[in-house]
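What follows is a set of structures to go through.
Two complexes, one shared chain (chain A), two partners (chain B, chain C).
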Partner chain A sequence: MKFKTDEKDGVVIVTPKGKILDGSDTNKMRDKIEELVRIGARRMVIDLGGVPHMDSSGIRILVAALNGLRKEGGELRLARITTKVEDLIAITQLTGQFKTHPSVEEAVRGFSSPN
Partner chain B sequence: MSWSALGTGIYLACSFFLFLLGMVILRENFRSRVNRTTALMLFFGGLGALFAAVGTTLARTGGLAPGSETESWYNLFYLWELFFPALLLFALVFPKETDAVRRFRLLRYAIFLPHLFHVFWVSFLSSPEKLSGWFSVEEMGPLARVLLSPFSYVLRVAALFFAVAYKFHVRFFSLVNFSYAAMAIALLFFRQASLPNPRIKSQVRLILSGLGLAMTLYTIAFILPALFGFSLSDPWLYALTIGALVIGCGAVGWAILRYQFMDVRVIFRQNLVYFLSTGLLVAVYILAAAQLGRYIRNTLGAKTPALEIGFILLALVFFQPVMEKLDDLIKRLFIRQRSDFRNLLERFSRELVSIFDLNQISARVTELLEKELFIERAVLLLAESDAGGTLVTFSSGNEVLAQSVSGEDPLLKILLSRKQPTYLEAVWPERPDEGLARLLAGVGAKVAVPILDEGRFVGILALGEKFSGFRYSPEDITLLGVLANQLSIATANARLYAETLEKQRLEEELAMARQIQQNLLPARLPSSAEYEFASYVRPSRQVGGDFYDFLWRENQLGFVLADASGKGMPAALLVSFLQATMKAEHRYARPIGEFISSINELLVAHTSPEKFVTLFYALFDPREKKLFYSNAGHNYPILVRQDGHLEFLKKGGTVVGCFEWARYESDCMPLLPGDTLIVYSDGLTDASNHDEMFGEERLIKLAAECCHLDAEGVKNRIVEAVEAFTGPVPPFDDMTLLVMKAR
Partner chain C sequence: MARRLSKIPHGVAFPSDQKFLAAVDRYVEQELKKAGFGKDVIADVAISVSEFVNNAILHGNRQDESKLVRLELYHAPGQVTICVEDEGEGFEPDKVASPLEGENLLKEVGRGIFIAKMLVDSVEFSRGEKGGTRVKLFKKLPV
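And now, the complex of A and B:
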């Protein structure tokens, strides 16, 4: 799994690519998100379009990002979520916790509209 | 051969030897004060021996007529007594200058004054006529005569006084010499006690005892007779003087050979040995030839020139091999074992390969440098860079130096780019009060040797001043460069070894942890007339983040299967906390949802928010044939009805340990004989054969097919299917399966 981070209209966009499984790259992504929040990121979109599958460590990242942002008064949105990932979120009964959008643009727009 | 001729010969040899030693020491480092002072002392010693030789020769050839021209030259012999102030100065500056000399620079010259005056006195003030002869008022003009005549009287009185006192000058200066020598020996004695370097200490001790003994003999021979007005017979006098000279010369020579006195280089020391051994051999030859010649002449009664030629031929045949043997022997005795830096390196590298402890390496290299290269202080600073290389921490032995250095430190960058022993004064940064410069200054470093292992920065060998105060010679710098290479290998070995040990230790700990974890799993699966269980556990690492357990509440059987996020030790610790919490909380009878909520609250309170657990908990009532359950974010367990119909147990809530506000629901299902419940962790469905994962579809299909099997049979079918699917690919995640069959 590789990932990159961008910024658009004050929204940080994290784009992982590949399966999110337990391992050092996953830890790196978690650390990066944590650092971004620490230096002031409050609005974040994780683009999951390139993630065909994740295991519980993927959930761990999403939960850590969600909790980290919420604690600082920020918000996390997910974009382009794939079926398998959606299933996993459903199994862990976290569906209500994440706002999901069909595209990154909509996710970014979502921050300004009271959706 | 008369006593005096033998004495003259030995005096001359000693004088030559002392001059030679003085030259060698002076040549070794002209700029060093210690060397100059030592050379001065040896020169005056040599002068003394030379004068003694001249004196005995003069005495043999008829002596000096009192009052003759030669007598005033004879008075110059007192020059050699400058040896005593030189000795005192030596005691003051060797092996390091004392504070007194450093603070009062004039002291260095002042201690020579009494003896210089003595020479002047005996040469020019020995009688009143001499003085008035230079300064005759009568020959001047009338005015000058009137003006200077009072001065002339004073001068005359002074001259008279000196002339009277002259009678006692020998006795008086004997006392002065004695006190100088005593002071020098006392000084050396008290200073050597506080020397830190054992090698320097033995040097000083050797010099001290040599000089002490020589001075004692000299005192007995000359000073005591002069003070108390008796005289010794000639043979005694010669024996004592020669003894004093030989012991004095020998002590200095031996110190050079054995203890690398004055840091004299190997080549000079070898030359010294050659000189000594050749001299010895020539002396043996002359003695033997003379004795043999006389014996042959006596027996044959004739003088044969052929005999001389025969001796020379014999000498030519035997001299060379004997010389070589002698040379070898002497080298082996004095030089080979120490200080030749190739030997040093060989010895050191042999030793280093067998040391795997960084502290020991550090101690050994420090000891070697302090002892063999005469460095006041050598410190091996081992560097530890943080991940980004932005900060470097140094440690010396067991002590981690408090101050860390930035990876961008200017001095550090210079050292790393030069990669070789570097004189710090040449590269000292503008602000030496911070960073690496401050650290190096703190350990008194003059030279820093960067140690690199294939480009990786291992540390710095920080070297203080040499004990002799010399600069490091090119030979030293080469040695240090090679040493740095060896150290980099040795430290790399030590680190690898430490890592291997650490790994081994960790593995042992993990094996123990695995044992503990296995003991935490139920020893026996419960079974009764109404139900049976089968289970399968396969952690992906030594310890896993999955567990299952059985918890009784009156006649109801509770059971749980949980999967902590992550793997290995952190996950294992989390599940053992969960397991203990569940056992404790299970004692209170209350609705299942509340039970899971309390578990969640405890986990939220005691773990970091990103750590969570998914779990499935169920409570089976065998009499009612009812299963109460709550699913906290776990893969849906599959309930296979007797007729093959499938149901999924989804009711519950989200994962446990993340959200304080999480609430859990529960559900109740009838569980009738022949029904099978399959609970598993995601490691089972995520098991992969590189291309794809086993997946839920396969598991569900399998579950539907084996509704007629007993618990063990169901478990085996599933495990076999998963193993057949993954083949030899090792499991990536912990795999746990629990099968319950109602009957």
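And now, the complex of A and C:
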């Protein structure tokens, strides 16, 4: 898995690509998100369109981002989630914790609308 | 990117380093593809194996590279059995807390075994010859 980060209209967009398995790339992504929140990111979208599947380390990244942002009064949204990842989030009963959107644009727009 | 898995009867063995996870994942996917499993099932089994291999590396062998993780794979028409064994001290799987309960739900870790169990038909823990953990997982092709 490789990932990149961008910013659009005050929203940080994190885009991982490839299957997420535990290891150094996963730790890098988790640390990067933590750093972005530390330096002030409060609105974040993780674009999961390029992630066909993940193990528990993928869930760890999502939960860490969610907790980190909530702690600072920020918000996380997920975009373009794939079937297998959606199933995994459901299995771990986290569906209600994440706001999901069919596209990055909609996720970004979501921050300025009531839900 | 050469992450060499050594061949053993019915499988592979490798040192306890997470950098082997990707190679193990490819190995499992290839073998299951050869055995005629469909894409969805392969993805589920591979994730399940990855959870146990990662636990073997981190919790069992504590990333001591002189200790090996062994993975054996047996398939018959329509079913597969995979064993993952480490050289650690073993643990009590029954005592692992549920990741769904109370504050565990939003903890960062503690979901691996739970996820792995949900993705295959059965998971059995036992002790290996040297006292390490041996996990046996079984998956039948959905009809």
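The definition used in the following text is that the second predicted complex is superposed on the first by the 115 of 115 C-alpha atoms of A that agree within 3 Å, B and C clash if a C-alpha of one lies under 4 Å from a C-alpha of the other, contacts with A are read in each partner's own complex, and residues count from 1 in each chain.
The working rule: contacts are C-beta pairs under 8 Å (C-beta built on N, C-alpha and C of every residue); 3 or more make two chains touch, one makes a residue touch a chain.
Only a predicted model underlies this, so the values are computations on that prediction, with no experimental measurement involved.
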| item | value |
| --- | --- |
| Fit or clash - chain C, chain B, common chain A | clash |
| Which superposed partner A:93 touches (first chain B, second chain C, both, neither) | both |
| Partner chain in contact with A:67 - chain B first, chain C second, else both or neither | both |
| Contacts of A:82 with chain B and chain C, given as first, second, both or neither | neither |
| Most chain A residues touched (candidates chain B, chain C) | C |
| First, second, both or neither for A:52, with chain B first and chain C second | second |
| Which of chain B and chain C A:5 touches, first, second, both or neither | neither |
| Which superposed partner A:24 touches (first chain B, second chain C, both, neither) | second |
| Region of chain B that runs into chain C when the structures are aligned on their shared chain, from 60-68, 330-338, 438-446 or 654-662 | 654-662 |
| Chain B and chain C footprints on chain A, overlapping residues | 21-22, 53, 55-57, 59-60, 63-64, 67, 91-94, 97 |
| Residue ranges of chain B touching chain A (in the complex, touch as defined) | 563, 565-567, 609-612, 614, 631-636, 652-655, 658-659, 682, 686, 693, 732-733 |
| Interfacial residue positions of chain A with respect to chain B in the complex | 21-22, 30, 53, 55-57, 59-61, 63-64, 67, 91-94, 97 |
| Chain C-facing residues of chain A, complex | 19, 21-24, 52-57, 59-60, 63-64, 66-67, 84, 88, 91-94, 97 |
| Touch list for chain C against partner chain A, complex | 18-19, 21-22, 25, 40, 43-44, 46-47, 50-51, 54, 99-100, 105-109, 111-112, 114-115, 118 |
